[in-house]
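Next come the structures, one after another.
Each of the next two complexes has chain A plus one more chain, namely chain B in the first and chain C in the second.
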Partner chain A sequence: MSPALAIAARDLRQKVRDRSAIILSVVAPLMLAFLFSAMLPAGSDVFKATYAVVDLDGGPIARALVDGPLAGLGPSGITVVAAVNEAEARGRVTGGSAQAAIVIPAGFSAAVQSGQQAHVTIVGSVNATIATQVLQSIVSSFGSSVAGVQLAVATVTAAGGTGAGDPASIAREAQAMAAPVTIATASTTDRLAASNTYYAASMAVLFVFFAAQFGVVSLLGERRAGTLARMLASPISARTVLLGKLLVSIVLGAVSMTIIAVATTLLLGARWGDPLAVAALILTTVLAASGIALVIVGFARTEDQAAGLTAIVAMVLAVLGGSFFPLSQAPAALATLSLATPHAWFLRGIGDLASGEGIAVVLPSVAVLGLLGVVTCAIGLVRAERAVIPR
Partner chain B sequence: MSTLAIAQVNLVRLLRDRTALFFIFLLPVVLIVVLGTVYGGRTAPRLGVVSAGSGALGADLVKALAGGHMRLEIRDFASEADLRSSVERGTLELGLVIPPGYDATLRGGGDARVTVLAQPGRVLALEQGVGSAVAAESAIVGAARLAQARTGARFDDALAAARAAAAGVAGVQVSVEDSGKRIFPTDIGMFSLGAQSQLILFMFLTSMTAATQLILTRQLGVSRRMLSTPTSIATILFGEMLGRFGVAMIQGLFIVLLSAFVFGVDWGDPFAAGVLIVMFALVGTGAAMVVGAFANNPDQAGTFGVFVGMALGALGGAMVPIEVFGEPMRTIAHVTPHAWAIEGFRTLVFDRGGIVEVAPQLGVLGAMALCLLAVATVKLRRQIVGG
Partner chain C sequence: MSVVAADVAPAAPQPGARPVLRCADLRRSFGERVAVDGVGFEIAPGETYGLLGPNGAGKTTTISMICGLLRRDAGEVFVDGRPIDIGSTSAKGAIGYVPQDLAIYPDLSARENLRFFGRLQHLRGRDLERRVDGVLDVIALSDRAKDRVESFSGGMKRRLNIGIGLLHGPRLLVLDEPTVGVDPQSRNAILSSIADLESEGMAILYTTHYMEEAERLCDRIGIIDEGRIQAEGTRRELVELIGGRDRVTLVASGPLGQAAVEIRALDPRIDEVTAGDGAIEILVTEARSILPAILSTAASAGATIRTVEVVEPDLEAVFLHLTGKALRD
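On to the complex of A and B.
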């Protein structure tokens, strides 16, 4: 094994001085991760909205709405501000300081109390659809509960005719009744990395393919320069040379990803999660990237061709694997297809770690990545030994 | 003439390179398709429902949710574990578990509880979205129950009476008005946003590869050719640049025409769109010339060029739309030509603008191109004169 280590050590010394390698393995992914984290402010995945409320009625039912369901929204991430008139409320929505406004017109309470139809108007920003729909839903729920008494009276009367009792007593009973269906909420475990962590991880896995190629692609360069033949003339086996080159790829890839993980943690506040689990994910991902690069080298004739093919394969896998944009919005077929890429498994693992759990939670990802790594490395070694080593 | 000949050779050489063809023609189209498929189609929040064993009333609740104003896209799930996992991974915005026996509990006079699942940070707000349908169903069941108790009617008859009565109850009518201008119009088609951003991202990347050519020409060919032929250095350099400008233009035209005819992408006023593309390609060529003039190692210039192209693309809103940036990045983005060009296309397509409306963007791009080309020319001339 020591000649393989010697080959790896020599190559690594050369790569440390290669500016292209440093740009592609470290500078570019860090820069892009930094840009993405600056562009997409942290916490954008938390729901936040401001509603402007105009109560032109002031009656008991309007107060019940404003002081009831609308007052208790703080924990939902919703701020409610009072506006003096409709123009101010509309202005807030247009100006962007509120996502939606609700206008309770004069006569609202009187209408509800006398069994007439009451109206409220919601003005919602077209660019805040969900915030508007949530407000609409809150008001509709309130409407259902105040109309519930009317509904109960109407239903009892319809079902039992006049013998069912007088409306006032039905209404009293309906009012006293608890809602038969209630809602409990349960937040799920967080398995989606925050955007700064996501982009740090996705850039790391995108560029590790470029970092890893430097090791094995140099085989083709050494063959062209004739140094490969010279190495093989010494008592070093072809397998040893290949292993040495593969080791360079793995070290370069691991160094690249580790630097990105550490730097984004320190500089961008990215939270990668349990270090042991991250290390396992990085190691298996690097193995897969190096194996894929070695397979490509086995099928390429020149360094340029190998570099070109690696770039193509890396970009296609990155697009399908969710490195450029999260695929959680994707149709099911695309989401399934993405599971054929190392990127998807690595990012899934990093997402799992957002839960704060340890290495156990990433074992499926680590297993798939490890298997992919072992298989591609094996195919690559066999293929490269036949195709690249001069006879 | 020799300028054109050099440009032609450059172009042909590039078009024979399969890797280059992939990055120039195939990858942008793949990205447009994937972006459109992922982000272009759907706007409604997805609600996954587990309702096995919840009976007829459970089905009624699901129906009420599907017809509600949230316009939820409902997906059925077999188990709560599957539902939870989908919500955790973000492939659903919301989950709802209607427990087995929901129907029987309510019919038997008991209280039922449904569970809303969502990611932390969103669950309380999105719960409200499900709330109105649940409140409406709850009111109906409550009314039916009361009728059953008071009149001795069968529950099903009382329920039918409650549903019939619900339509006639005055209640509170909520009308919703839209306010403001949509950031992304709904009628632009699913591929438009992706097509605009990928056109800009990739045309610039293609232009930047010219830097490598420029250095190679400077280092290897120029002195020899200058001595052996009557072709001037300026002609050679200009020809190389023209070749890359031509490739960027062919690429731009390809993306625009393909996306227009195959994916139905609207590019707005053809003349204004054409001028915008030419201006942007000029900026790209200018940037490549500056890199080519100042760098000395073709490999490094190539890597650096791609890096600059990706960084400016990200910063300028060609990867994540500028509309979702926070401040101050939205302002800072306008140091890139990308942000101006994309803004130009937004004006042409979203606001149906013409050449007059995009004059500011064209002006900025023109000024950028002029500055870059001037800096590069001065530097290159000095290098050539200085040997």
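On to the complex of A and C.
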């Protein structure tokens, strides 16, 4: 066994005996992944809402709205329930059984058919602004359609043509027609894994920094205890000691992430994707986390200081890198900033694998993570050798 | 603790052999503070050299430079003929380093500690196990080999701390105040084992601020203070620096005057003999070596000796003379 391997083996044995490393590297991220998945169960990434509809009009235009765009929302995860009156609808919204309500007043259809201004009332929950905005958009869109039909009818009438029917019939037919132009959303930046996979991956990449610190931070402990000097008095180089410690970080990080991936797959139904691609992402991410941990050790004077710095760096990078919320929901500037974090590239890789493709799709992420790992490890080795090794 | 394992010690010294350690003009400063200022000495095979000085005198800094643990501002170090510097690797294999503080892993057993540090010395397989067993015998921990070190007494930990330095059979054993905080029984055991190692031919560099240890163990002593070797030599040579002689007092009865005359004529190292009221006072160089002859002469002159007291000028007095302060200040 080479001296570097002997150092790594001794440390790993000590970490196994000392449960704290296992708790922070495996148990804590698994628990958080379970909690997040429980709070945001699978499929929650699909928008869901319930709308209460009060049709006090019952006329053809009102029916066209209720039976048309509102009734067609089911596949989008929106449930429409009927309410007898506005009070009941408001009660549902206040009570939380509906996120928003629409009240169509009596005379609505007549007003539309006579070309007068018609009003509907939308009641939204303060806790469901997005659901309310969606309902407003649907009604606004319906209003535009009706206005278009009115314009068409007026044009036909003005031209002396024969009516193809009453405006309500025309409106229904217009609603039923397929849109001449449809827009498909296809962005390369917001490919998302299912929520359980996302949170499993997020916690894995967040906590890999804590796992990685266990290896290299022990350098400071050994310096304090005098065992580092004793090692350096042996016929081995300082670089050998550092490599041994770095190896501990890499092994702990890889084991931590692998256990989380396997456990969340078996217990949460997370779908990480192609195992080879996931392994490549894990290894390069661990390398980057270990390198960053070694850089931190190079700037810390004590183990406590290093642990504190690691926690700060890990949390900041996690926030920037999208470990707590998908970057697709982040401002553009934050999304750009996130590209400097291993978290963003790892989560992007996992998101890419959700498409079902193999390792080729994650090669850009693997390349960036690998580069981050090599650069941070190189800087960390130089810095730690200067700062930690007695001179 | 007794030393029986030849495995852990090099061969006996050969006449005219080159010094195992040669260091010269070592200098090291920390900022404005000069910690070591021109220290140099040599240690021959089978010789124990003591660096005696108070805390902060520069002993540990000197040792750290000798072991390649600390960069030096100037000077040179050769161990077994090979230069040692901070970047040296293979040459460090000739050194067994025993730091002042316990540098062992409390969560490992004694055997596991020895195995780990043995692997760092590039020891493998059967050779490693054989040496581990040998050292466990030497430090009298064979029966506790599998126990975690955290359950050991302070003395046992100290012995293991020393044992790790012996494992690879170094040419030079560097001991940095190995008995600090050790109970008297363990201290005696440690000092006896070090004396045995010297007899096996190992060169030993021993730092201490305990005068009695330096006097008991060391063939030559360097008195160090404020980063400089103030004086160097055998204990006798150092004592002679201050003109010190031993005082022997024989409390006796009988013809004390006649006994005094015969004792005075016994050996030229006896400078002065006075017979007084029930006692003979003798000023002599190297009293310990000549004492049997003195006693024999007094008895043959008809004196009945009841008690003997020998007072030797010690290194404490030398240190006080050289530095103007007490050794433990």
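Everything below uses one rule, namely that the second predicted complex is superposed on the first by the 237 of 391 C-alpha atoms of A that agree within 3 Å, B and C clash if a C-alpha of one lies under 4 Å from a C-alpha of the other, contacts with A are read in each partner's own complex, and residues count from 1 in each chain.
Rule of thumb we're sticking to: a residue touches a chain if its C-beta (ideal position, glycine included) is under 8 Å from a C-beta of that chain, and two chains touch if they have at least 3 such contacts.
Here the structure is a predicted model, which is why all the values come from computation and not from measurement.
Visitor: Considering only touches as defined above, state whether A:136 meets chain B (first), chain C (second), both or neither.
Guide: first
Visitor: Under the stated touch criterion, which partner chain does A:324 make contact with: chain B (first), chain C (second), both, or neither?
Guide: first
Visitor: In the overlaid three-chain picture, which partner chain does A:237 touch, first (chain B) or second (chain C), both, or neither?
Guide: Only chain C; A:237 stays clear of chain B.
Visitor: Contact-wise, after the overlay, does A:301 reach chain B, chain C, both or neither (first, second, both, neither)?
Guide: The answer is neither, since A:301 touches no partner chain.
Visitor: Where does A:23 make contact in the superposed view: on chain B (first), on chain C (second), on both, or on neither?
Guide: First partner only, chain B.
Visitor: Check the residue A:386 against both partner chains and state whether it touches chain B (first), chain C (second), both, or neither.
Guide: A:386 sits against neither chain B nor chain C.
Visitor: Which one hits more chain A residues, chain B or chain C?
Guide: Counting contacted residues of chain A, the larger count belongs to B.
Visitor: Counting only touches as set out at the top, which of chain B and chain C does A:14 meet: first, second, both, neither?
Guide: In the superposed model, A:14 contacts chain C only, not chain B.
Visitor: Going by the contact rule at the top, pick out the chain B residues touching chain A in the complex.
Guide: Contact set of chain B toward chain A: 17-20, 22-23, 27, 30-31, 34-35, 37-39, 41-43, 45, 61, 68-71, 84, 87-91, 95, 106, 111-132, 134-148, 150-153, 157-158, 161-162, 164-166, 168-183, 297, 299-300, 302-304, 307, 310-311, 314-315, 319-320, 324-326, 329, 333.
Visitor: In the complex, go through chain C and note every residue touching chain A.
Guide: 64, 67-71, 86-87, 89-93, 95, 97, 99, 101-105, 107-108, 116-117, 119-122, 124, 164
Visitor: Spell out the residues on chain A that touch chain B in their complex, using ranges where they run on.
Guide: So the residues of chain A in touch with chain B come to 19-20, 23-24, 27-28, 31-32, 35-36, 38-41, 44-47, 49, 75-78, 90, 93-94, 111-112, 115-127, 129-130, 132-134, 136-148, 150-152, 154-156, 158-160, 163-165, 170, 173-174, 177-192, 304-305, 307-309, 311-312, 315-316, 319-320, 324-331, 334-335, 348, 351.
Visitor: In their shared complex, at which residues does chain A touch chain C?
Guide: Interface residues on the chain A side: 1, 3, 6-7, 10, 14, 17-18, 225-227, 229-237, 390-391.
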